[in-house]
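In order of appearance the chains are A, B, C, D and E, and numbering begins at 1 in each one.
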Amino acid sequence: MAKARTSYLRTGLIHLALISYTLIALFPVFLTLVNSFKSRNAIFRDPMAIPTPSTFSLVGYETVLKQGDFFGYFQNSMIVTVVSIAFVLLFGAMAAFALSEYRFRGNLLMGLYLALGIMIPIRLGTVAILQGMVAAGLVNTLTALVLVYTAQGLPLAIFILSEFMRTVSDDLKNAGRIDGLSEYAIFFRLVLPLVRPAMATVAVFTMIPIWNDLWFPLILAPGEATKTVTLGAQMFIGQFVTNWNAVLSALSLAILPVLVLYVIFSRQLIRGITSGAVK
Amino acid sequence: MGSLQLSSIRKAFGDHEVLKGIDLDVKEGEFVIFVGPSGCGKSTLLRVIAGLEDASSGSIRIDGQEVATVPPAKRGIAMVFQSYALYPHLTVKDNMGLGLKQAGTPKPEIEQRVAKASSMLSLDPYLARRPAELSGGQRQRVAIGRAIVREPSLFLFDEPLSNLDAALRVQTRLEIARLHRRLKATMIYVTHDQVEAMTLADKIVVLNAGAIEQIGSPMDLYNKPANIFVAGFIGSPQMNFIPAEKLGEAGAQGAVKTIGIRPEHIALSRESGDWKGKVIHAEHLGADTILYLETETADLVTVRLFGEHRYAADDIVFATPDKASIHRFDANDRAIA
Amino acid sequence: MGSLQLSSIRKAFGDHEVLKGIDLDVKEGEFVIFVGPSGCGKSTLLRVIAGLEDASSGSIRIDGQEVATVPPAKRGIAMVFQSYALYPHLTVKDNMGLGLKQAGTPKPEIEQRVAKASSMLSLDPYLARRPAELSGGQRQRVAIGRAIVREPSLFLFDEPLSNLDAALRVQTRLEIARLHRRLKATMIYVTHDQVEAMTLADKIVVLNAGAIEQIGSPMDLYNKPANIFVAGFIGSPQMNFIPAEKLGEAGAQGAVKTIGIRPEHIALSRESGDWKGKVIHAEHLGADTILYLETETADLVTVRLFGEHRYAADDIVFATPDKASIHRFDANDRAIA
Amino acid sequence: QDASLTIESWRNDDLSIWQEKLIPAFEAKNPGIKVTFAPMAPTEYNSAVNAKLEAGTAGDLITCRPFDLSLAMFQKGQLAPLNDLDGIKNFSDTAKSAWTTDDGKTTFCVPMASVIHGFIYNKKAFEELKVEVPKTEDEFFALLDKIKADGNYIPLAMGTKDQWEAATMGYYNIGPNDWKGEEGRKALIAGTQKLTDADWVEPYKTLAKWKPYLGDGFEAQTYPDSQNLFTLGRAAIYPAGSWEIAPFKAQADFEMGAFPPPVKKAGDTCYISDHNDIGIGLNAKGKNPEAAKKFLAWVASPEFATLYANSLPGFFSLNSTAVKMEDPLAQEFVSWRQNCKPTIRPSAAIVGRGQPNLDLEMWRVSANVINGSETPEQAAAETQKGLDSWYKPAK
Amino acid sequence: MSDIDTADPEIAPIKRPARWHILVFLAPAFLVYTAVMILPLIETLRLSLYNLVDNQTVFVGLSNFITLFSDPRLAANFWNALWNNLIFFVIHMLVQNPIGVALAAMLSVPKLRFATFYRTAIFVPTLLSFVIVGFIWKLILSPIWGIAPSMMDLVGLKWAFAPWLGRPESALITVSLISVWQYVGIPMMLIYAALLNIPEEVLEAAECDGITGWSQFWKIKLPLILPSIGIISILTFVGNFNAFDLVYTVQGALAGPDGSTDILGTLLYRTFFGFQNQMGDRSMGATIATVMFLIILAGVSLYLFVIQRRIRRYQF
C-alpha cells in the first residue's frame, strides 16, 4: 500500500513478529525433515544436527518405498481427500446458503441439527457406519471413505460458510434476482464466487482431518488397494519398537501433498481479495 | 406491456412507517419520475415495486396482474440500484451480460447488445475491468448498462445519473429518452435533478414523508403546484414564500395565507419597483445570476436573472413580481386556484 | 494552515496512466473545485492528496512540507468519499464522533460538535441508526457530517451532494460555504454540478484525461475558456460549436477554425435573424426553455431562453448570436483572445 | 479351491517376518491358501478388531491378546473354540491358560509366545567398571551406586512417562520374588492375600529406591527414550522384557548380557515373570474356516514354534516341544526357567477383568511411586481399594 | 422437513409459492449427513440407556448416568477430566485465539511482503499428523536428547527447564501449548478470511479519520469480524471438548502423569474403546459421550440462540 500508509518501524515490527512466529512454527517441522534424513543413531545422538555425510541416511525413505505401494497409497489419499472436499464444499455451501439466505420455519433448528455433528466424534458411530457400509457393499472401497468424510466435514463447513454468506450484500443478490437469475444461479454465479476466501478456508479445514485420519481407513478400507498414506505410514509404528526413520520419512512425504493442496486453496483466498466487493 | 397499479401500498421498518399508503397508476409506456426529499421513501417504493421488499399491505399489479407473490425475476423488470450493486467478481462485460446469459440469449446477440450499451455509455475501454477498478461515474454507467441490455418492459431507475458529469448526463439522459421511445417500455425513475425530471417525465410524482403530494406533468407541477410543498420542491432556486398579511393590498384576498412567487418571475431594477431591498448575496453562474435580497415588505427574496448582471452585495434594488405568476396558498398550505 | 502544492503528480494503475503530471497550487483558505468528465482522475487525485494512494511520481506539499511519506491521519485532512465509506457497525452519531474520540476530544465537545453537524444536515432523527438503515441521501449526509465535525485545515470532498435533492443540496451547499468562511479551511471539492462549481469555487480546475485543461475563477472559465474542451465542459446546455468556414464572413478571420456560442447568448425571433432554422425539439423546464434547432448555416444549434416560451417542434425560427459573446478557437482548439 | 486368509494383528513389528519367512513356509505346504498378514498400530488394535468383528468384516484369523480381552471375544461368540484343533495338545495347560475359559474347559486361541522379564545390561560398561552381575538386591543397589558414582553411565534406563514401563519392567519384573510368583498371585485371586500385604508392598518400596538411579528428567522419559538411552550406550542396565532382544541386537553396537531379578537374600528361590503374550484365534464368522483351521494347526506345530522363536528371539515359544534357539541372549533368558519359578503377571487373569482395571492401576501407581508422588503404602492401598470395589473373591 | 417450504407467516403475510429450491439446497447435505453421521451416532448414544448383562444388552434407563455420577471412581475421573478440559479450553482461548487473531491482523496488512510465505509457514503445523506432532514435541521437550535444554541454555534459561511433560503440575499446560502451536493456523485463517472481507474504503476512511494501527484494529476491524471471532470461539470450544488425539499421542491413552492431562476425549476413548487390558465398555462410553454431547450442545446452543443473535453482521 501507499508509502504514506506504512511506517518502516511498524512494518519492521510486523516482520519481526511474523518471523519469530514462523520460526516457532517451522522449527519442529524442520527437525522432522532433518531427522528423516538421518540414521537412527544420529537422530537420537544429536537431534538438532544437520545430516552430515556420516549421519546422512535414506534408510527411512528406502523402507517406506520398499514397503507396499506407497504411490498407490498417495493416490488413494489424494482421491479421497479431493473428492470429499469437493462434496463437502458443494453440499455444505448449498445448505449454508439455504440457512443464511432464506427465512423459513425451522431454519434455526435445521442449523442446530446440522451442527450436531461437530459435537460428537464420528468415531463413536464406527460400528453402525461399518455395518451400513457392509450392507451397502462398500467395504474396502474409497467410496465408503468419501461418504464418511463428506458427512464428517459438512457440519463445520455449513457452520462457517453460513456465517460468511451472511456478509454478501443483499443488494447484490437482489440485482441478480432482477437480472432474472434463478436462486440456483444466484448461488452458483454470485454467492459462491464471493465467498471464495471462506470456501478456501473450509477446504483447508476439511482437508486436514481427512488426510491425517487413520481410523476410518483402518476400519472401512484397510485393503491393499484402498490403503491411504497415513494408514500406510502407521505400519511403522510397532508395539515395542517404532521405526522412527520410516515414520518420519513417510509422514514427511505425506506433508507434501497436503502442503500443495493448501497452497492451491490459499491461492483462492488471495484471489478473493482482488474481487473485493464494491460499495 | 408494463402498466403498473399501486394501491394503498404501506411499508414499515419496525414501527417506522416509510410508505403511508401509495396509490399510483402508471400506463404502459409512460415515463414516471419520483421526486421528493432525501429519505422520503423513493427507493423503498422502487424496491417494493421490484419485489425486493414486501409491502406491509396494499397491492401491486403489473399488467393488471397481482404480483405480490411473483418473484422479482419473473416481474419482467430491470432496475438500476442507487448503490449500483455491481457484481464485484465479474468484468464490466459480464456484469452486463449475465442476465442475458442466464435467460439463454444466444452468445452473438449478447455480444451485440452489450456492445451497443457499452458504446452508448462510453464504456468500451473498460469492458474487461472489474468494478473495483472503475471510477464512480463508470460504475454508475455499468449499472445502467446492465439494466438496459435486457430491454424489459418496466424499468426502475434509482438516481441513475447522480455521479455523471454534465455532458455525460445530458447524453445519457437523451439515450434513456430514446430508449424509452424505442422500446415503448414503462420507466420509473428517481432523480434529484430538476432538469432530468422536467425533460424526461411524462408524469412526475412528488413524494413527501412516504405519501404522494401531487402527481402531474412537469409543467403542471411548475405552473400549478397543489400545495406549498410541491411549489417549493419543484423549481430551483426555490419559490419565494411571503406571508400574505405582509403584502397588504396584494395579499388581502379572502383565505389567502401565503403568497408564492418564483425567483425567475421577479423583475429587478435599480430605479423603481414594488419592493425595495438590498442585495445580500449574488451568485454569478454565467448563464444566470441569482440575487438574494433583503426587502422591507417581503423579507428575504431570491431573484433569478438571465445572463450576467453586475449587481453586487449591498446594492439597493427594486423588485417587482410578475402578477400573473403569483401563487396563492391557504391556511392549510393548499393552492388556491 | 492548509495550503497545498502539487507538482507533476503522476499516477498509473499498471500501465494505465490516470494522472499525467498535475501541477497545482492551492492557497490557504481557498475553495478549489475539480471538475472533469467521469473517469478523468478526479477521485484519484483526491486520494493521492489524502495519501490513500501513492503518486507514481511528483511531490505533494501541505503547508510547504513534503508529505509523500506522511500517513493520511497526519496530514490534517478530512475526506468525504464518493462511496461514503461509512463504518457499518457504528450508529450515525458514532460514525461522526469516532475521529474526534480518537483524537481525545473531551466528550461534551464531541457531543456538541456532532449535534451541530447533525442539525445542520437534518440528521437528528437518525442519530441512533446504523448506515444500513439509511437512505442514500442520508448516508451521504452522514459522510459529510463525519468530515466536518473534525474541522481540519484541509477538506477533500468527492461529490458530496450528488445524492441529495435540490432543496437539501442548496442548503448543504450554503452550509459548506459558511463552514469554509468560518473555519478558513482549504477545501478541495469534486462535483458534477455546474451550479455548485460556479457558486462555491474560488478556483475551478478542469481536468481531462488526467491532465489539467484550465485553472481559473468560475467566471473566467465561463467567459474566457482556454480551449474547446473547457468551453464545452463549463455551461449547460453545452456551448454550440460551429466550424468557422460554414459561417463565411463572420468566421473568416485568420486562424479561426471554430466558432463557439453559448445557448444563452442566442436571441430567437419568429420573424428575422442571422440563422434560419427549424425547432426539432423543445424542452420546457418552467424557468427556462431549451430549443434544439436545425439551421441551414450552423447545423444543430441549442438555444436557451429565459422563462416559458411557446415554441414547439417544427416551428420555423431565426436565431441571432450575440456578437460580443462569440468565442473563437484555432486549429488546435485553443481559444483566440 | 483357493482360499485367502487375513490375519488381524497388532504386531506391525513382525510384518516382514511374516511376509518373508512364516507365510512362505506355510503356503509352500498348503498350496491354494493365500495368507495375508494385516497388522495395525497396537494402540488401535483392540477397538478396530472389535468393530470389524461386530460388523463382520474382520479377517479369518485374529491375533489374541492374553486373558480377559480374548475371553470376552470368545464369550461374545466372536472367537471359535479350538479344543479339537490338531496340535492344540502340543501346549501345556499353563501355556493355554491365557486363552482358556475360567473353568479350564475350552481353549479358543493357539498360544504363540510368552515374554520373560529381567534386566539386560551393557557388558562393555560392566567390564569398564569391573562389576559383576548382581545376585541379591543388596548387590544390585551396590552395583547401581557404583555406576552412579562413576558417572559415565546412567545406572538404570527407565522412564515413568509412559507409565507401563514402571509397572511392567518394574513392579511385575521384581515383584514375583516378593509375592512368591504363582503362590501369591493365586492367593490374591482367592482373596487370601491383599495388595496391601507386605509381600505386595515390598516391591513398591524397592521401586521407590530406584529413583536416584534413573536418568535426568526420567518423569518425561518415554519408552523409546529408554530404549535409545540403552542402545546408544548411555545407560548401563535396562529393566527389560525379553521382546527387547531382537531390536536391541539390531541397534546396539556392544555386547549385552542379562540377569534375572535379584533375590532378597542369597539362596532365596527366584521367581520370574514369564507371561503368555500372544496367541492366535479363529474368527467364528470367518469365511474360510477350513483353511483357517489348517493354518492354526500349523501354528500349533513344532515347525512353526522353531521358525517363530528364532525369527523373533525374545518371544518364547509356548509349545511343549523344546525349541532350539540360536540367540545367546534369548537362551540366557530362557535358561532362567530352569532355576526360577515362572509366573504370569498378577493383574492379567481374573482380577484384571473389572473396573477399575487392575493392570492400568498398577501402571499408574508404579509410576507415582517411582516419581515419589505416592508412598508404596498409598499405592498399594489404592490398588486394593480399586480391586475391592468390584472383585469379590469366591469363598 | 415439510415445513421448510412455507414462509414464516410473520414475515411475509402473503402466501408464497412453495420454495422448492430451499429443499434442493438442503437435501444433499441433509441426506448424507443424516445417513452417515447422525443415524450411526444415535445408534451409539442409544447404548447409554442399555447395559450388558450376561452378554445380553438390556434396557436400563438412566442407571448408567447414575452410575457415572455416583460411582466415586467414575465420578472422580469424570470431574477430573472435565476440569482439565476446562483448563485446556481456557488456555486455547487465552493463547491460541489471540495469537491467531494477531497473526491474521499482521498478515492482512496490505502489501506486506512475504505474506504468503508467512501464512503458509504458520499453517504448516496444522497440516501435520498427530503422530509427527507427538513425536517431535516429545523429542524437543525431552530432557534426554537436549534440544529444549540446550536451546534454553543459549538464552541463559537452562535453569528454568524441567521435564514438563512428566510433571503433573505442568503436563496439562504443556500439552495445551503444543495443541495451541498446532492449531493457531485455524483461527488465523478464519480471521484472515474475515479481514479480507472488509471493504478497503472503510479502512481508508478510518485512515483519514486518524484511526490507524492498533486503534483501527480495535475500533473498526474487530467489530466487523466479531462474527468470525464468535465462530472461532465456538469451534475452539467444540474442538477442545472433543479433543483427544494430541493428548493420546503425547501422553498416551492414560493421559498421565497420574491423569493430570486426562480430558473428556481421552476418558471417553479409554472407556468406549478400552485400552490395553481394559476392555471397552460401550455403554459407559456412550454414557460419557452423551454427557459430553450435552455439555457441548449447551455451549453451542448458548452460542446459537444467545450470542450469535446478538452479534451484528454487516454486509459489505
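Following the convention adopted for this analysis, a contact is a pair of C-beta atoms (placed from the backbone, for glycine too) under 8 Å apart; a residue touches a chain by one contact, two chains touch by 3 or more.
Here's who's who by UniProt: A = Carbohydrate ABC transporter permease; B, C = ABC transporter ATP-binding protein; E = Sugar ABC transporter permease.
Because the structure is a prediction, the values reported are computed rather than measured.
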item	value
Any chain that touches chain E and chain B	A, C
Chain pair, D-E or A-E, that carries the greater number of C-beta contacts	A-E
Centre distance in Å when chain A and chain E are each reduced to the mean of their C-alpha atoms	16
Chain A and chain B: spacing of chain centres that average the CA atoms, whole Å	55
Chain centre separation (chain B, chain D; CA means) in Å	93
Where chain B touches two or more other chains at once, by residue number	83
Sequence positions of chain D contacting 2 or more other chains	47, 228
Chain A: positions in contact with at least two other chains	5, 44, 126-127, 169, 182, 234, 237, 244, 276-279
Touching residues (chain side chain A, partner chain B) in the complex	169, 171-172, 174-182, 185, 189-190, 193-194, 274-279
Contacting residues of chain B [partner chain A, same complex]	47, 50-52, 71-73, 77-79, 81, 83-89, 98-99, 102-103, 130-132, 139, 146, 150
List of chain B residues in touch with chain C within their complex	13, 35-39, 42-44, 82-83, 133-138, 141, 158-159, 162-170, 192-195, 198-199, 218-219, 222-223, 232-238, 262, 264-265, 283-287, 304, 306-308
Residues on chain A engaged by chain D in the complex (per definition of touch)	40-41, 44-45, 67, 126-127, 130-131, 133-134, 139, 214-215, 218-219, 222, 234-242, 244
Partner chain D, residues of chain E touching it in the complex	55, 73-74, 138, 141-145, 162-168, 248, 251-254, 256-259, 272-281
